[in-house]
Structures are given as C-alpha cells and as structure tokens.
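All chains are identified by letter, namely A, B and C, in their written order; residue positions are counted from 1 within each chain.
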Amino acid sequence: MFEANSDKGSLQVRDVSKFFGTFCAVNGVDLEIQRGEFLTLLGPSGSGKTTLLMMIAGFLDITSGDIALDGTSISGVPAEKRNFGMVFQGYALFPHMTVRDNIGYALSVRKRPEAEIREKVDEMLDLVQLVDFADRKPGQLSGGQQQRVALARALCFEPPVLLLDEPLGALDKKLRVEVQDQLKDIHKRVGTTFIYVTHDQEEALSMSDRIVIMRDGAIEQVGTPYELYEKPANEFAAGFLGKSNFLQRADGVYALRPEKIDIRASGTGEGEPRLSGTIQSITYFGSMQRIMFLTNGGEELEVDIDSWRNRDPLEEGQSADLYWDKGAAVKLEG
Amino acid sequence: MQDKQFMRETLVDGAKAFKEGKMKRRTFLTLCAMTGFSAAASFPGGAEAAADYIVMWNWGGQSEECHGGAIGKPHEAAGGLPLRFDTSGPLQGKIKEMVDSGNVTADVCDADLFDAVALGASGHLEAIDYNVVSKDKTLPNYALDHGVSIILYGYAFVYDTEAYGDNPPNSWADFFDTAKFPGKRSLYKWANGSLEAALMADGVDKDALYPLDMDRALNKIKGMKDDSLYWGSGSEAHSMCVNGEVTMGMVWQNRGRNIEEDTEGRYKLVMNQALAMPGAYIVPKGNPAGREEIMKFIAQAQDPDAQLQLLDCLGMTPSNPAAFDGIPEGQQPYAITSAMNIDGVAFNDPTWWGENGGDAVNAFLEAIS
Amino acid sequence: MSALRRHIHPGWALVAPFLLLVAALYLGPILNILWLSVTDPEPGLGNYQKLFESDSLLRIFWTTIRICLITTVGSVFLGYSIAYAMVHCHEKQKSYMLTLLLVSFWISILVRTFSWLMLLGHRGLVNNALEGMGVIAEPIAFMRNELGVLIGMIHYMIPYAVLPLLVNMQSLDMRVMNASRNLGATGSQTFWRIYLPLTTPGIVASSLLIFILSLGFYVTPAVLGGGKVLMIAEYISVQLLVTLKWGTAAMLAGLMLFGVLAMLYIMSRFMKLSTVFGGSS
C-alpha cells in the first residue's frame, strides 16, 4: 500500500515576504510545519494565503526570507524540482489525456518504467475509487471525480508535501462534506504533509491538525482547531472562525461563543444571571435556534440554543436572563 | 481576398505610372493580365455604353487626353458620336465573356491584332468594313477581316554598356550568347517576342520566322533558362535593368527610352531585329453604337495626324505608312517605323499568333517554369 | 401541416430566402464551372485526361503544393513563436506587437512584395551591405527564385497564422502548465506534452487557412519568382484571360475546389471543425 517518505516533509517558512511592486501580499510570515501534518491556511480573499502557497510551490519568487524543506533551503529551487504535489483550484487536469495518463504524468516525465507507472496508477485509482474511470477524459467526469483525479495525480509520485489550493471550492455543499471525509481519510493513509488553503472555516475546523488564520498578508493566529475556537487570540480570529459575541468590559474585550450561553425566562434560572434583557427575535434552524438578545445595558448578543433543550417556550419580546460557565468568555489580546 | 486587394492596387499604381508616362500601354495590359482584375473599379466612369456615344475599351491612363484629342475630337467634329472610355482592359477572355453574355457595352477595343484573328474566328467580333476603313492606311499584312492595326509597339533589348562597353551586342544572337556576353538576361513571360527572338538568335531570318518552329525556339529558351529571369510587366522589366539584375534585358521598345534615362545612359537600347507588334482596333459583335458609326471612327484613327499625335502623347508608333515621314527627330531612335529603324525590324504575324497563341503561351510557360 | 411544423422549426422560414439566394449565387457559378470543365472545348473528359497526359500540368500542381506546404509550415512555425511571445510578454509589449502585426496585415501585398525586392534584391539593402563589408563578392540570389517566393509568401501569411493561434493560446488555462511543472516536468516536457497538444486546434486552424489561401496566390510567385515559379492560380488566370482555354481552367479550378473540400473533410474526421474555427466544442 501507499507509503509516504516517512522521514521527510517538514517545512520551515522563515520571515517570508512578498511584494508585488509596492503592494505587500505577504508580510514577514514565520511558520513551522510538521511532517505528516494537515495544516490549513485560512483567511478571507486577499489575506495572502494563496500567495504563500504559491511561494511554497515555487510558482512565485519570495521577495525576502527563506523557505526550507527539512532544514534545507529550497528558495532557489524551481517548481518542477521541488517534488511537491499540488491540487489546483479548478484542478487543472490535462484535458487531452485520460485519467490514467493524468495520474501517471509525474512518473512518466520522470521516465519511470511503464510497468511501474501502471502499477502505481492502479494503486492510486484504487485509493481515490476511480478504477472504472481510468480511460475517460477529464471532461467526461463529474466535479467530485475530477477532484479525486487531481488528488491522485498529485500524490502518485509520493511527494513529501501536498499543497491544496481551495480544492473543494467548485463542489456543491453536500458533495463537499463527503469529499472532506475522503480527503481526511486519504491523509491518514498516506501520511504526507498536507498544506491546505481555504476560506471556508467549517472545512478548516473539520479537517485540520492545525490552522493558520491569515489577514492582510500576516498570520493572526496559529493553533489546533480546538485552541483557535476555544481561545481565539483576537477579534478577527474569534469572528472569522465560528461566531462570537464581543463584550466590552473595563479590563478589555471578551469573546463569547453564542452556543456557550444558556438562556432562561426571567427569574427561572439558578443562581445569579450574567446578564438580563429582552429577546428580540428567534430564528428556528431545526437542531438549534438563534436568539437575538438585547441586554438592559444596550449590548446586542446572539445566543444559539439546542432545540431539544428548549424547556420553557420562549417568545419574542419576552424578558430573559443569560448564563454561562466560568471561562466561557475569553479575554482577547490588545 | 488579398489577391483582389493586390489587383486593385496594382492597377491603381499602374494607372498612375501610366499617367506619369512611366509605364507603357503594354505594361499596363500585362499588369491586368497578371492580376486578372477588372480595372473598372479603379477608374471613375467605367462602362457606359449607349447609343449616345462610342465607348472605347482600353487600359486607361492618358486615354481621355490622348485618344480623345487625337481621334475623338476630330470624329465628333465630323458629325460622329462623342468618345467615352471603359478602362478595364479588353483581354481576350473578357471580350469573349462580354459577347457570350449578350451584354455588350463596348464599341471598340484597343487590343492586339492577333486577338482579332482568335476572336474573329469564333464569331465574337464585327468584320471591318473596308469600304469605310482603308487597307492602304496601315501596313500591308495588318488589315485583317476583324481588326486593323492603328499603332505598333515592339520587343527590343537593352544592354549594360559597362559590361560590354568595347564590344556591344547588336543582335538576338548576341543576346542569347552567354559565353561571349556573360551575365543574366530577362525575357517576356507571355511568349510574345521571346519566341521570335530565340529563333532569330538561332539563325532564322527575320522575314522567315512564321510559322514559328516551337521546338527550336523553346530549346533555345531552355538553353539559357539558368541565366534568365522572366518579366510579366513593363515595370518589372524596367526594374530588372535599373537594379542591375540583368546585363541584357528584353523590353518594350519605347520603355527603352525610360531605361536609358533612368540609368543615365548606362543601359542602351538596341533596335536591330526588334519585333514589331501590331496594336489593333477590334469591334465586339453587336456593339451598341452600331457598325457603321464605329467604322467611321476607326477610319478617323487611321489619319496620319491622329497617329502622330498618339506617338507624341503615348509613344505608340504609327502603322499608317503616310505617317512614317512625319516621325520627329527625337522619336527616330525609338519608333519602330522610323527611317532609322524600319529596315532592321521583324514583323509579327498576327494570324499565326491568333491561331496558335494559346498553345504557344502554354508551351512557353511550361518550358520556363 | 402541423406534423410538418413539428419537424421544421418556423425560424427556417425567415432565413429560407437568404439560404436560397446564397445557394443560387454560390452553387450556380460552381456548377457552371464544373459543366464547363466537361464541355469546353468539346464534351467529354478530355480536360481531365490532360492531367495524366501532360507532365507540365502535374509539375505545376506539385510546384503549387510544395510551395503551399512549405509556406504553411514556415508561417505557422514563425506565427506560433510570435503568438507565444505575445501571450507570455507584458501587456504593453503585447499591444505593441499586435499593432505591428496588424500594420503589416494592412499593408498591401504589392508594397510588401516590392519591399522584399528592395531589401533582398540583387542591389538590395542586404546584398549591398554584405558586399560593402566584404562578406560576399557576388550578390546572393534571395529573390527571383523559389526562395524569394517562399520568403514573400511566408511573410504575407504570418498574420494569418498568428491570429488563430493567439486566440487559442489566450484561452488556455495557465494553471494546467503550472500543474505540469509542479508534477516535475521540465519546460520542454511541458511544451511537448501539454502546451503543444492543447494548441493543436490553433495550429490546425491556421494551417488550413494558410494552405487554402496559398493555393490562390499568384501575385507573389509572379513577382518574386522571376517568372520561373508558376503556380496553379496564375496558370488558371492565363487559361481564362489569355489563351481562352476555359475548359482547362474550369477543370483546374474544380480540382482545387474539391481538393480543399476533401482536405476539410479529412480534417473533420479527426477533429470538430467548429473548434478549429473558434466555435465552442
């Protein structure tokens, strides 16, 4: 079965910047990527995540700083010599080649024996469950199938690092969730370092070992999904990854996730309520309900509650109290 | 598409050069033959045949001024219809097409006499009425059933005086002798003149050329093929000499004068053994102005004064013997029928060319390509 | 009536008069020409028989096909390089290049043909310069031969090669080329295995265009060939206008027409012509 180069695949990004003319697309990024890690670069468009990925791939020169693979600088190495797999936005499959030839391309340009290529491609077809489609052209495949061909093509030559540039962007939502699971599964099986670019926070949360949140060319916060969600470092991180209420207090700003708040009709809760106020609106989403709440102090908060927990029916305009556990509100930096 | 554009510009350029007197009538004819384009689009006021005037179908240029002045005005003064022009060029193929289509818009074509033989035999031309037109006012063999020669042009050659200064060439034999006179040659591409020159070079007497011995002529031509260029237009012939591409070049004789001037005398015209070609007026079958009217017009063109005016205006040599003596001093070296040249000139046989011209042109093209 | 309407879209009624007009104006003369080829000068296949009897006709055919092929290969090769450079240089340089290309496209063939004479002729700029520098003793014969014809024709045809290729190249997804590099292919591997196959429709389109246009050329061969390079189009015009062998001319014209149609048919077996000529696939 598939074996990645288990001793390779750590990547060091040291103080890397990229200028297009006077425009700074990436600004002094430092990043250590562990071997075999699933790392996601997350950020809105224009945050520099794709630029950073392209510099790692070698398609863009870095303006300053250094990128190293397992401690050895690769800044001067051209893209075709870096041996990084890549899944492109829109897949960039070779439209004139069959699925088999697409997947075997990397081995073929390395002039490997036919038999070896054949065997390896068969293995990859099996991995991405496309055995029956080997002789089709990309144009005859669905979006999800194309995505899997792109993945197989990028993995076929056993690269130490796989770069994925919004690989699920073109898929519809239902399919995307399915493919996410497959991607995660494949990552687990091949053990290759994955560097994954997306602007979709759910994707990032569900798949990544670690997430790098980027904004305006710089890193806002790096951490596991749990760390980032539970302990966002700043307002941007808290707002971009999941939802947050921000509470202005004398000693600073606190972030409070909507689902960590409990709401009870006025005076029916146990203990001292954290805040009191009025329910402005209730939106029903099936498994949960979203309540917009206005405190007596004039702060607006969003409260998400599980539908099954709605012990007493709440109504719009009703007075209510808010409760949350100690530590649920996280104090932000700066 | 590009061809059409080319043709148009070739003709406009040609018409302009003609107007400036740089291009000879025959040059223009050949340009049109090369392009196969109806020049009507390049000149204002194309075909406008009606019984209100006579329409002359020719090659444009200075025709309003020259033909109008020399023939049209006197004809009109004598009670004839006024003269108009269609300058799209009366190639044989076009005359045939016009008559076949039944839409005849021209009364008289400024063509070659051999056209009269070819198209007369196929019934595309009106016969010349020799009760009105005079057989005596042209050279003896040039008054044919369906056409009469009004003017002459000819094929002669020029040579580079710097190449052959001490021992200049003086005959077609010299022209074809690349051992004695090393250098490149240029010949006319459509066989006329080139075949006759080859035969004269091969020892055939200038008065015993016809019927042309094609094999003999083509052998002579092929023998010099590696040293030969072939021109299709007068301007090409001109530039081949002026640019020094050839040391001897066959040219239309009146073009020789321009070449002598443009090279400041370095190239010199040789009129010995020049081949005289009869230019002729022919009348498409069913011409709109009627046969009677057009015959009167042709008779007017035979007038010595008209012919001398055409010589002065266009450089065409008169074919009416009564006009020969009137050729002025300055035109003597270049005119075919001048006292100075007439004895050395060979005369084209339009009947042979009319009957065999098509095959001769094809055989010639096949030999040189 | 309603059954008929189900089969024929009523929109055809709108275009029918024009279709009929076009058919009449195109097919009529073409049929007339084909008719001429078997009736002039006498009924029968005599004109076609000439093809097998006359060495010279065959030679003219081969000269034409040889020159057209070399012209096609030469201009597509140069056009490909130019189009490639235009697609991959900066926007500003590209617009300069496009302007230069279109300017040469618009200059008349006559001017271009004679410019070559001035440049490469016997006493042209190049020969004069080389002689002046003492590189050569005798002028090099660039012009008035087949080489001259090829230079002139290739030069004329280059814009026709560039434009379809440019359209083709601009529509390519450059990520595909990046993907190839990323998978370890060298520049030349990427070119031969990815770029070239993806630009094949453009190459086919410009080749067809140029070959067909070249078949109709006779101005350039006539002027730059020194009279020795006789191509079929010039020969046809001579048969029509000078020697009055309309049957021969019609036969040759018919053969050229069917040759071109056959070529398009063969092409269509290999690829959709609509993609070649810019339609969607």
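Things worth noting here:
Assume contacts are C-beta pairs under 8 Å (C-beta built on N, C-alpha and C of every residue); 3 or more make two chains touch, one makes a residue touch a chain.
Just so we're on the same page, UniProt names per chain: A = Putative spermidine/putrescine transport system ATP-binding protein; C = Putative spermidine/putrescine transport system permease protein.
Computed from a predicted structure; not experimentally measured.
Common partners of chain B and chain C, by the touch rule above, are absent.
Centroid distances built from C-alpha atoms place A farthest away from chain C.
Legend note: the chain whose CA centroid lies nearest the centroid of all displayed protein CA atoms is C. Note: centroid distance chain B to chain C, computed from Cα atoms, is 35 Å. Distance between chain centres (mean CA atoms), chain A to chain C: 54 Å.
The centroid of the Cα atoms in chain A and the matching centroid in chain B are 87 Å apart. Interface of chain C with chain A (complex): residues 173, 175-176, 178-187, 189, 193-194, 197-198. Contacts from chain C toward chain B in the complex involve residues 56, 59-60, 63, 108-111, 117, 121-123, 144, 156, 213, 216-219, 222-223, 226-230, 233-235, 237-246.
Across the complex, chain C is touched by residues 57-59, 78-86, 88-90, 92-96, 105-106, 109-110, 153-154, 157 of chain A. Interface of chain B with chain C (complex): residues 2-3, 5-7, 9-10, 13, 33-36, 91-94, 96, 118, 187, 189-190, 225, 229-232, 236, 239, 243-245, 357-359, 361-362, 365-366, 368-369.
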